[in-house]
Amino acid sequence: MAMVSLSGAFRKRVLMVYLTAGDPYVDSWVIETLSEHGVDIFEFGIPTARPKYDGLTIKASYRRAIESGVTLEKSFQFIEGFRLRHKVVLTYFEYARSIGLERLMSYALNAGAEGVLLPDLLIDYSEDADVYVRLCKQYGFEPIFFITSSFPYKLISEVARLNPAFIYMGLMASTGTLLPITISRNISIIKSLINNTPLLTGFAISEPKQVLECIRAGADGVVIGSAIIRLISGGGEKQHIKEELRNYISSIKEALEAPV
Amino acid sequence: MNILPSHWYNIVPDLPKPLPPPRDPEDDYIFSRIELLPKLFPSELLDQEFTAERYIQIPGEVLDAYRRIGRPTPLVRAVNLERLLNTPARIYFKREDLSPTGSHKINTALAQAYYAKKEGVQMLTTETSAGQWGSALACACAMFDIRCLVFMTRSSYIRKPYRRILMKLYGADVVPSPSDRTEIGRRLLMENQEHPGSLGIAISEAVETCMKDGSAKYAVGSVMNFVLLHQTVIGLETMRQLEEIGEIPDVMIGCVGGGSNFSGFIFPFIGNRLKDGDFKNTEFIAVESKASPKMTEGSYIYEHGDTAGYLPMLKMYTVGRSYVPPPIHAAGLRYHAAAPILSLLIKEGLVKAVAYTQEEVLEAARVFARVEGIVPAPETAHAVKQAIVEAEHCRRRNLKKTIILCFSGHGLLDLSVFEEYGTY
Amino acid sequence: MNILPSHWYNIVPDLPKPLPPPRDPEDDYIFSRIELLPKLFPSELLDQEFTAERYIQIPGEVLDAYRRIGRPTPLVRAVNLERLLNTPARIYFKREDLSPTGSHKINTALAQAYYAKKEGVQMLTTETSAGQWGSALACACAMFDIRCLVFMTRSSYIRKPYRRILMKLYGADVVPSPSDRTEIGRRLLMENQEHPGSLGIAISEAVETCMKDGSAKYAVGSVMNFVLLHQTVIGLETMRQLEEIGEIPDVMIGCVGGGSNFSGFIFPFIGNRLKDGDFKNTEFIAVESKASPKMTEGSYIYEHGDTAGYLPMLKMYTVGRSYVPPPIHAAGLRYHAAAPILSLLIKEGLVKAVAYTQEEVLEAARVFARVEGIVPAPETAHAVKQAIVEAEHCRRRNLKKTIILCFSGHGLLDLSVFEEYGTY
Amino acid sequence: MAMVSLSGAFRKRVLMVYLTAGDPYVDSWVIETLSEHGVDIFEFGIPTARPKYDGLTIKASYRRAIESGVTLEKSFQFIEGFRLRHKVVLTYFEYARSIGLERLMSYALNAGAEGVLLPDLLIDYSEDADVYVRLCKQYGFEPIFFITSSFPYKLISEVARLNPAFIYMGLMASTGTLLPITISRNISIIKSLINNTPLLTGFAISEPKQVLECIRAGADGVVIGSAIIRLISGGGEKQHIKEELRNYISSIKEALEAPV
């Protein structure tokens, strides 16, 4: 179903949604609803017992997936099961290395993903960044890099020059956990370092006004994870949740597409 | 030239590698330390903790307070020490001991009290054992007219009356920990009315206070990025002072408890090396106590910033937060880990670490006091020791090095240490 | 402008009346204290005591030492105190507390150690009770590499361990007095092994030491003209600092033990008034303790400079050298008399004297510490108290006076006083 | 015998010798010997129990005089007994006031003295200086003033303007007691303040080299007291003492008259 390359999605502002592959709450109707209402990229997390940068919501989601028997293979089957505009796979390099990076890449390819995001790659395994870039090329993926506001300016410029599909900037210390950080300042500093490389911003974004703040500061899109997971795991009628999802996504899209 | 800088320097954007973010323990699905942070710290401080900005403006009120406590502090040449050691090296020391409470701790205490006050926080709370940090905070809170509650380990409360009195004089509420102010305190007191306390318990009490009282926040004396940031005022001043006298440092030395004075001292220099290639030949030497040898013998791993485990995990050189150092008197160096940024620089080989025993450093302090007249704090004595080692090396090799040392504090309130060790 | 002066200022030639010379007791036909002087003091100091010269060059080595211990010291505006008192007055304080031993005493200690060393004196000896003077001398002797023997009253030796350790750390030989080093000491110890000692006994021991050991000399912390002379470095710096900021003092305040800090602070100003008519409207206020009210209640008569009666008699305001003040903690203000030159200025109406109780001044110290961050020594607290009184007066009358106070020392080693008086 | 006024003595350098009137050691042959060998002015002290500025030697001399029964009247009889080039009377104002300043002046006049020196006048009784000057005029004395190195410059200049016979500068803290004071510096400072007023310097001068130092610094003469008293009271044969006195005075005169 991917008509354009992953980076091609950035001809307009992008909404990426994070979901854990195999979380029992992630029913197919959830994904369909999200897709129908305009989610541009789906980021599927491969469950792991060591979710380094995740807050309580995503950690719980990982645990639900693992406790319901999701294995590596099953999670890729899960991902494969959906035909979506854009899919990317997220997992920690620490885990990827333990199962084999090539294996992960080939699984991702087979599952129809267009990219693999390894948030701890540049932080804890920077010496392996080359391998990642090489394998991306080999598997036909555009690389994707995860950075934070605590990254060296030089490194940020460097990875931008590697022509990634996008750079994913974690705004907070962990997913879903809002801290009183002036994100607009951090985004515009990062943006100034990466020229036209698409910039997705995420971590603890849940409200349209945050989306606006990101966009105004120079982000090319946002990532929402915990907010959606909280919504779908909060209990309630399927119809009701669907309705909520739709309203929610619309409000986010509206903010996203606002003129700046 | 204006010696006092207008901005603090954030080295994070110039580090050779990304600074690993704080993390929650992976196996705790219920309680997030990261989520707790906004309950503990004023917003602007957390913002500084994660800022991508390189230079952060020092608020006018903080600049004023810096001036009033004696900033800029002098950079003094230790001529007599050089003469005694008969060394061709030139030794300078940056006098952070001149602050009203006798150490560099006030540099961040003032900033923390300012931001707290600005955000309408009613009270800052913290833990202290030896009391350097507690008294700096008490002083800062007095100056910004904000309440201060210090949990002081009961053993220190009894054995270090001067620091306790000093804090009270500044108007701080100083309670021996465990105390009846908190649940955990009351529980421990029930078990033992004379419980000697520990830093871990004192932190728990301070944190519990913030969790219960929304108008209270927690103040921290080292380790966190924003603390190191505030301390860069030391290094920025030093750099200008060196420029004025036309010196380029060959060796820069500081002692490391959590790493704040040393980091504040060297970051501007290391930063210039990393961004512009200056100070290429400068050696940066961190000195720790053999009693808590995190940098020389510890591991570079994720570890809680506090003994109690209430704070997020940080990637640091650590001997483990449950490590109990033998009783040494340089209480400020008993800390189990080195600040994340400093740890990264050590890991990357930009900073060299050395360790000394208490005996060695107290002897160095004695020598320094005799020739230069100023008694170093037991913590500072570690840096003094290394400066002497370097200067002696210069004598043997006839090297005209410029050695700069961060004189983090005076020992006037720690004099009993010298007697206990029979150092005179 | 160079703040540190090149010369000390001798006010004697500018006094409104001749300074009465030292005298021996009229009824002693056997022992002359004046004849003893050259045995006790280095020649150059005695020469300074009687010089007709107005400006006396500060030797280069002493200037260097002054620089190394932090001279010039800052003159700081007490903005927070002004704000607290809501006064239109401007209050400045001259920070003599910033020296390594925490008070102005080092200004003369360095000079005395220098001249002693220069004349080949092997050892300086002195007495001390609270220890401010003893530690300043110990520090100075260490810096000029000359031996130092301090007779410390046994009661203080036991009750003030920090000062004792500090002196020892500087390499001084500190002995509890009465000691077995002297005949008088041995005699008193025979009577009572635990003899608590007194300043008089300690002086006797120091003097006996000089009489027996031709290579030893006696050092003195206040009262003598040459001590006041050395302390004028305070006032000379202050004058230049005031010029720089364009201020003319309306009130200058200092505490008086023997009178050295206050005299050193004001003499250059009073001198200018007497010679050139400047500072005509400046009030000079000496503050003493009600516990030893020599200036406000004493007589202007000839009296021995020391309690033991080994030194010549000087014409001074005194409560009598055998007066035993009630135990107050501003030990430095227990002295029974005010220096001859200062006494003359009081007599002539150029200096006004006031007295306060310990409670009043400790409360003032507390207030100052809270707002300005710096804990005054109990002695200094007397000056602080008067500054507050003046500032409050200015508030009531809406007077924009410039009040300058000599902040003679910090109280970090006297903190127990505040607890004893329950001041917080 | 006074052929010239007291101040007239200062056409050459002057040696003044102090002796206590009535000290049993001050035999007439002592005075004669001194006079013969060139002492220009004799300064006779009136014994008092309170010799403020005197060292042990002169104090002992006072005591000897008192113990041998010398009274005020007797001491003036003693002074009157010698016909000498110049005689001046010395006593403390404190004492003079107690007996009456006028009485003292008339005694002095009757005894053939040409002046009265009150060393504590300007120090402890400066408010009475006018009275002293007035009485001097009345009794035909040229005033004499005692000063020290610790006198205010202004006061020194002032008293110089009163045309005293001479100014007597005490070099040390008390008579006969040598202290390590740089007298040359003090003398030249004082001299610079008094223009041509004759300046006698004394206190603890005993050796010719001190005399030289005084003269070179600008003094117009010296006063010797304790050194002579020690010499005459030290025991020994009269002849021997006479010899010693002669030699001593010669050596002092030699120094005094040395070209500068």
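Should a chain be cited, it is by its letter among A, B, C and D, assigned in written order, with residues numbered from 1 in that chain.
Everything below uses one rule, namely that contacts are C-beta pairs under 8 Å (C-beta built on N, C-alpha and C of every residue); 3 or more make two chains touch, one makes a residue touch a chain.
Just so it is clear, the model here is predicted, and its values are computed rather than measured.
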Hypothetical removal of chain B, resulting connected chain groups: A | C, D
Gap in Å, rounded to a whole number, between the CA centres of chain C and chain A: 72
Inter-centroid spacing, chain D versus chain A (mean Cα positions, whole Å): 108
Inter-centroid spacing, chain D versus chain C (mean Cα positions, whole Å): 38
Chain C residues counted as touching two or more neighbouring chains: none
Per-residue overlap in chain D, given as positions that touch at least 2 other chains: none
Contact graph of the chains (line, ring, star, complete, other): line
Chains touching one another, given as label pairs in label order: A-B, B-C, C-D
Complex contact set, residues of chain D against chain C: 49-53, 55-56, 59-60, 63, 122-124, 126, 147-155, 170, 172-174, 177-182, 185-186, 189-190
Residues on chain C engaged by chain D in the complex (per definition of touch): 12-24, 26, 29-30, 32, 34-35, 37-38, 43-44, 46-47, 50-54, 312
In the complex, chain B residues that touch chain C: 64, 68-70, 74, 76, 79-80, 95, 98, 100-102, 106, 139-140, 142-143, 161-162, 165-166, 168-171, 366, 369-375, 410, 412-413, 415-416, 418-419, 423-424
